[in-house]
């Protein structure tokens, strides 16, 4: 999994039928200090995440291991909203504090 | 998934039999402003996309989760044509406007 | 698989239900001398690893081939705690010595 | 899929038994002008490709979706020989012309 | 698949039970001239490879398509020991000669 920040949304009318109703969010990758780093990705939201939240996403076939993405052409899913993380026993990100 | 722009087509006569009839499109990767970035990929078209359109594609085994790519040696599929996307509540791309 | 050092933990309350009870650890990638290199990843812990330990992790669908990650949206798992490694018959890392 | 040029062959006597009889070709990645770019890969040939030809290859589990690679430890397969491709309606490569 | 040179071994006592008895080798990636390039990986040995040998390894789910890695958290397997390879009809590596 990777840490990322939800920064936006993608709208698509003409899409593979099985994807109907899914929410596609744009994720900005972040480093262990929560700062933006190169690279963005679009993931299906399985946990009701919102813009500005830090999340974990799973890629590849693991992106299909949720009820809403099962057997669909989806290669990335947000499977957790992050409350906090620490590195070497020091808090580097805490929701509501470092946003 | 990743955002990309359809820029071209690949023609192949001698190919794995199961791929007969599929359309192979060349995708140029783009950043969140819709500008070209390094890297292109060839994907099977599952949504009748055309040159110049912004799309989402899914990679890996997820590229086989459409009716036309199921069980075929295809590792990338265009599964959505993009109407628009926004970053931090600001529209960065809108079809017909930013093309 | 890749060598990495466990450097931290991620806390998440709101997550895909199937992930309940799993421990998400932050891994720092290391080179063959055990020095940090660019890149971190978050992996589920299947071997009771702790911060400071060198580990091996498996990515992609292989990250789901443990009892605790089976069929879950998890794309990386720590499957071994490293005691030592050698390169060209010379020990480059030994637990308790090079930590 | 990715565009690449077949540049060579790999010979191996001692290999996983299921791979007996397969042809391993060395591919040089190319850009959309057909020029070499950084990176090579070894793929199993499923379409009788030869040195000098431009091809498409599929990676990952999709590399096993041909009759000859099914259920084998093969993560890349040449699934098409390229006749031509065009970018923005302009031919960038044509077999026999741009070789 | 990718070309690499076996350069070392990893020792682990505390690991996922299914991995008991497998040999973890450190691989150094090489270019088409057999020279080291950036990047190393740890792979399970399925062909009795030894330090100093050039090998092919398969990644991802394909790393599980051998009898010894089947259904295990292993994302890379050595599936061939390389005797030689050639690029543009010229031998670039021959075992026992270019080692």
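Here the chain labels run A, B, C, D and E in written order, and each chain numbers its own residues starting at 1.
Going forward, contacts are C-beta pairs under 8 Å (C-beta built on N, C-alpha and C of every residue); 3 or more make two chains touch, one makes a residue touch a chain.
Computed from a predicted model, the values in this text were never measured in an experiment.
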Practice task
Based on which chains touch which, give the shortest step count from subunit A to subunit D.
Solution key: 2
Handout entry: Labels of chains that are neighbours to subunit C and to subunit D
Key = E
Practice task
Call it same or different for subunit D and subunit E: same when shared residue numbers make up over half of all numbers used at their interface.
Solution key: different
Handout entry: subunit A and subunit C, separation of their C-alpha mean positions in angstrom
Key = 20
Problem - Centre-to-centre distance between subunit C and subunit B (centres being mean Cα positions), rounded to whole Å - result: 33
Fill in the blank from the handout: Contacts with two or more other chains occur in subunit A at residues 60-61, 63
Problem - Ring path (origin subunit D; first step to subunit E) - result: D, E, C, A, B
Handout entry: Sites on subunit E touched by subunit C in the complex
Key = 7-16, 18-19, 24, 26, 40-43, 51, 60-61, 63-64, 71-76
Completion exercise
Given the complex, residues on subunit A that touch subunit C span 1-3, 31-32, 46-48, 56, 58-63, 65-66, 77, 79-89, 92
